[in-house]
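Before anything else, here is the set of structures, which you'll find just below.
There are two complexes below, and they share chain A, which is joined by chain B in the first and by chain C in the second.
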Partner chain A sequence: MMGMSGRWQALALAAVVAAVVVVPWAGTGYVRSLVVLSGLAVVAVAGLALLVGFAGQLSLAQGAFYGLGAYGFAVLAVRFGWPAPLALLGALAGVGLAGWLVGLPMLRLRGHFLALGTLAFAVIVTVLLLELGPLTGGPSGLAGVPSLRRVTIGPLALSGEIQYCYVAWALALASLWLYQRLIRSEVGLALQAMSSSEVGTAAMGIDVGRLKLSVFVAAALLGGLAGAVYASYLSFISPAAFDIMLSVQLVVMVMVGGTATFWGPLLGALVVTGLVEVLRGVVAAVLPNVRGPVEIIALGLVLGLIMVWEPGGLVARLGQWRPGPRPAEVPGG
Partner chain B sequence: MQLETLLQLALSGLAMGGIYAFIAVGFVTIHAVTGFINFAQGEFAMVAALVTASLVGAGVPLALAVGVAVACATLVGVATERLAVHPVRHASPLVVLVMTVAASTALRGIALLVWGTTPYSVPAFSAGPPVALGAAVIARQDLWVLGLTAAAMVGLYLFFERTIPGTAMRACADNPMASRLMGISPGTMSLLAFGISALLAGLAGAAVAPITLATYEMGLMLGLKGFVAAVIGGLRSTPGAVLGGLFLGVLESVGAGLISSGYKDALAFSVLLAVLVFRPQGLLAGLRQRAA
Partner chain C sequence: MAEPLLRLDRLSRRFGGVHAVQDVSLTLDPGEVLGIIGPNGAGKTTLFNLISGLDRPDSGRVYYRGQDVTGRPAHWLAAQGMARTFQNLHLFDRLTVLENVLIPAQRGRQPSLLRAIISGRSGLGPARVAAEQALAAVGLAALADRPARALSFGQGRLLELARALALEPRLILLDEPASGLSPAERQQLSAIVRGLRDRGLGVLLIEHDIPTVLGVADRVAVLNFGEKIADGAPAAVATDPKVLEAYLGGELAPAAPAGGRREPPWALEVRELHVRRGAVPALQGVSLTVAAGELLAVVGPNGAGKSTLLGAIAGLFPAHRGEVRLQGEVITGRSPEALARGGLSLVPERRQLFAGLTVRENLVLGAYPRYGLNGAWGGLPAPVGERLERVLALFPRLRERQAQHAGTLSGGEQQMLAIGRALMNAPRVLLLDEPSLGLAPRLVAEIFQTLRALRTQGMTIVLVEQNVRAALAVADYVYWLERGRVQRAGPPAAEAALAEQAVGLGAAAAARWKADMADTPGHSLLH
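Right after this comes the complex of A and B.
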């Protein structure tokens, strides 16, 4: 879609916004839950995409930050009785601090060491969520997380679920806007330079370490924000939801969508969420006796095929498509 | 805590350490020859463990079952190299890492489809009560693991030092360009490295199944722990990887005994973080020898 004209992009964006407004009213409860969860995925994926796409840093800890946000909010609200807005701020502060502390030493690592270092952090978070029983409720989870206050706009009384649809997608669109602003800014240029040569970028007078750390913390914050809203939406959380597979799934979303424009995180989150749901349904219908997350087969295959077929993600592939003449026929197109 | 208890904990940890050593040596072998990290390493062990369990359940003699299972794991390893790594071998190591993450995820899903979520038990390689060793005791299966570890290390040493393919692999690890000029195909060497690593992981999987049960999700943790062991050993040395594995096994066992078994995994990964951050050349850098 990079190649698509501004008019088509605006149309597509309008279609997305219209769908977000209409679908929650038209759909069933199941559809509404998918709308909320995919919106939150967009938020977390936008953060991760900044890190992967522009800083060239593969993090397998985004699911852990999502979990920290969820648990931070839930623990502060349920165990300590903080009012919800304060608990949200507290959770975000905690996630930001965790991101900073983890990022500080870790970002000195390169390539696969960073990937596995962040993975180690994710495992430690999962263990802590399981073991700090008095605080987190251990394996059985934490219930009674407060939800949003119900809002009435004139004659319109929004149901709790519809309200969450709108909140999730308001956050999603805001993160995508932020994403687009950032990658088109000087910061984005510096990040791109950094992913091709750190030494070269440093030689240009850019503080590579500080830049990487800021992006890492920003990514963690977006993950934590999505997690906190998730906890409030479901009102019950357990550690199993935030294991390594969540981090892997978020990476798959980034890779599937691509990182060239804000369409990447959006498409990646929607396509993968949809795919996983469809597959769950198919598996349940065809093989009713099979238990467990069989759809991870497809997650692996899709990730593999995308990396071989189009490492730039769907956005790069769609960018070659446009109404009218093929790009090859347009000089300089 | 008494000294005997500590000794017993350390002894019990050695067997798991041997398992980690097998996986760690696989990481080192693949990394030395190709420069890649194979995230799917633990899944090869999982395949072998589950195949052993199914065959033994079907009445096949244990020795034959283990042999077939290790062969299956090796095949899966070779297939992973051809299907997931070979097509992207010229891309950045990060792309290859993501490909092996994809392969590992798909393999775990396929195993779930075939075997379900039930854990399978496998009988110990030889029956009988634990063997007394001074004040401590050691289970017979643990002795098998340690014996297999030692045998595999001798076998690997002979392979790398005394055979033509082994020498070619070392050449490829030392200088890919020069070895290519000598007529050594990097593609074949990469295939061989994955085959050997999967064979070792398969042995580990079959040997660990009687200790921990076999499940579709056992591979993830085994693979990660093997990687921790390899990093402790500096990621470039086979003896380092073995020592790293044994060290990690003992550390986990003693840590679980002193603190709580729930924190076992957190302990292993805290060690990984500490090593990566403070001593990336590995804890055993002083002992480093030539890469496998």
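Right after this comes the complex of A and C.
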């Protein structure tokens, strides 16, 4: 494992799992909602981290795919009456197709142009969600999205919220496992190569366009999956939740965490989710008369500081503190 | 007759109005090394891009192993055993040395997300063996686990070569593999290239270091202005008058005898200057002096450090050691803007004009460092107007085209505009980088006539020039630069006979590389 030694990592991972099991029981409803949302953020961030961190492709469309997943699931279930599992599959298929169609022309763009192109897509999605009233409910949103069936294990009757905590974090850990598996594989190598030199990678026999597109679609699918669960959890969704700020926040999570190991997406999602909540509280206390998402401004400042302080993300900085020599970063063997 | 390994049929590529490659036909057989040489901007790298699928020709075909592969993508060609290296290293900085080689060692097998999820790291097992072999072949096995960015420049070149070898190529395109290498590393490279040829690979070799090419190639083709002007045995090409002219330029009428004497106080003085470009030591202790009112020429082969020298004087590259004095005052470490205000004007290589502005606007902006922009688009401040008038008198063609956009000018006119823009700043010293680059001989003559006129008016000029003959015809004094050091200095008359040698061509040079080759053991480092 990169960054920290194997024993430290195992311990830290055990602590995360223990927290996920215990916190939903111990915490308040507010805490539980944060557990669910941060778990879903981890899922979306793991996908985006592959694209932004590993492949060096800055996408501002991840929030849009999150929204498409949410609305795909909700519309299929509510408007067309599909059973929930089928609606989930349908939503994912739709998101995957959208990712492919958008990625095909978009990934010819580079750097700032890619960021602007994906930004345009995100804006279009928001507008469509608002304007396709008969389907999406327009600005007033869509209610009655189906929830998970209640499960009872012996004497333990899990509340709906606790169930969602576990589902979100099962998906989060699975996404992190996928992430780690991918970045240590031939795909991770090729993505890092591509981020150094696309021309060099093509000259080494790698079909750069195809690779980019497949990662773009994979990232979209993880975003869509998180969105679908989100819709089911809240049972009510409206377009405002999936505007461009969501995409920005997801990118911020990737940057804050870093991408060298699965700890990056995990920490990034947790730290930023927590930070937004803390800042919201602080802003409300300090400036009681100010309305609107002022905490975003503070978040921007924090991000700027982190980028100056440690451009490789928090995990890179933590990696330097870990005791013992740095293990070689070579796959195989 | 068997089909050659590679055949180019009248390949052409234009960029805007420039014929980067024009009607180039070539063949290469297995087990043959074909050297491709030519002055800067001759189209060598463009030709490589056309062959290796990174760019598409406007017309003409590429045949590889008998198959028409024109327009095929780079990754497909690489998977078919056509490997290439890059002049300006395209290493994967985020990966280790071994991982860099693992990418091509998969030989065109495309990374798949599904397979990667199922098999994880073990999917790379078979490629690992091939990657380790390729590293061993270039002598980098011991550095396998180092990050690629920690390599020296020379090691980076070897890593590029190892990556190409890991594709198990039949044809290998080497773009300036020797540049930045030490003499010992060049020898090693030559031995590796001979080893590849002996294994039956075809090698296409672009190289500025002509002794290396002549020493290792079976055949040499020469490009100039995108056209092939010679193709034959190294000895014949090295003494071909057309080739010599392409490299050295045509003869100009002899210069008026130099007026000034070389003695202090110096207009410009460079002392023991050391400059690094990335990892490469580009200047290693260069000292030179420029007398007031003198036209000083700095010549030497490509990669000698000439442009770096001008850039370092103008404050674009920081000096690692040593100092630069302008009229006795130490100016080392000052910003380029401060130096421009202080009267040091650089006309950079490839002009760097403001293409979207008119000729007049370009010129007026040239006066900005000294005179500011006050009223530049209303009435011009008097001193700027005066300078403009003088510059337009020097270049009557610019006067005719004052309202035209700079981007629409011909190459020669653009060069005049670049010089004129620098003169608008009323420089104390004018630094000129390769003003003849890409210009036809008639235009070169015209530009150099202007330089003479400027010198007569008392301007102090430092001229970096690949076109040695033209430079010698106008210069008062000449410094020869080679591999970052001053090799010789003297008045141009004494140096003229040595022009051919300076670029590594001519009969004497041919004799020298023949002797070199006899000394070098032809053994292979591979297998």
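Note that in this section the second predicted complex is superposed on the first by the 319 of 333 C-alpha atoms of A that agree within 3 Å, B and C clash if a C-alpha of one lies under 4 Å from a C-alpha of the other, contacts with A are read in each partner's own complex, and residues count from 1 in each chain.
Just so it is clear, contacts are C-beta pairs under 8 Å (C-beta built on N, C-alpha and C of every residue); 3 or more make two chains touch, one makes a residue touch a chain.
What you see is a predicted model; the values in this text were computed from it and never measured.
Shared-chain residue A:H112: touches chain B; no touch with chain C.
Once the two complexes are overlaid on the shared chain, A:M255 sits against chain B while remaining clear of chain C. Once the two complexes are overlaid on the shared chain, A:L299 sits against chain B while remaining clear of chain C.
Comparing chain C and chain B on the residues of chain A they touch gives the larger count to B. Touch criterion met: A:E186 reaches chain C, while chain B stays clear of it. Contacts of A:V23 after superposition: neither chain B nor chain C is touched. Residue ranges of chain C in contact with chain A, taken from their complex: 52-54, 73-76, 78-79, 83-84, 86, 90-96, 98-100, 102-104, 106-108, 110-113, 115-117, 119-125, 127-128, 144-145, 163, 167. Of all residues in chain B, those touching chain A in their complex are 36-37, 83-84, 87-88, 91-95, 97-99, 101-110, 112-113, 116-117, 216, 220, 224, 227-228, 231, 260, 262-263, 265-266, 269-270, 272-273, 276-277, 280. The touching residues of chain A, when paired with chain B in their complex, are 56, 58, 105-106, 108-109, 111-113, 115-117, 119-121, 123-124, 127-128, 130-131, 244-245, 248, 251, 255, 287, 290-301, 303-304, 307-308, 311.
Within the complex formed with chain C, the chain A residues making contact are 178, 181-182, 184-190, 192-193, 195-197, 199-208, 210-211, 214-215, 218, 328-332.
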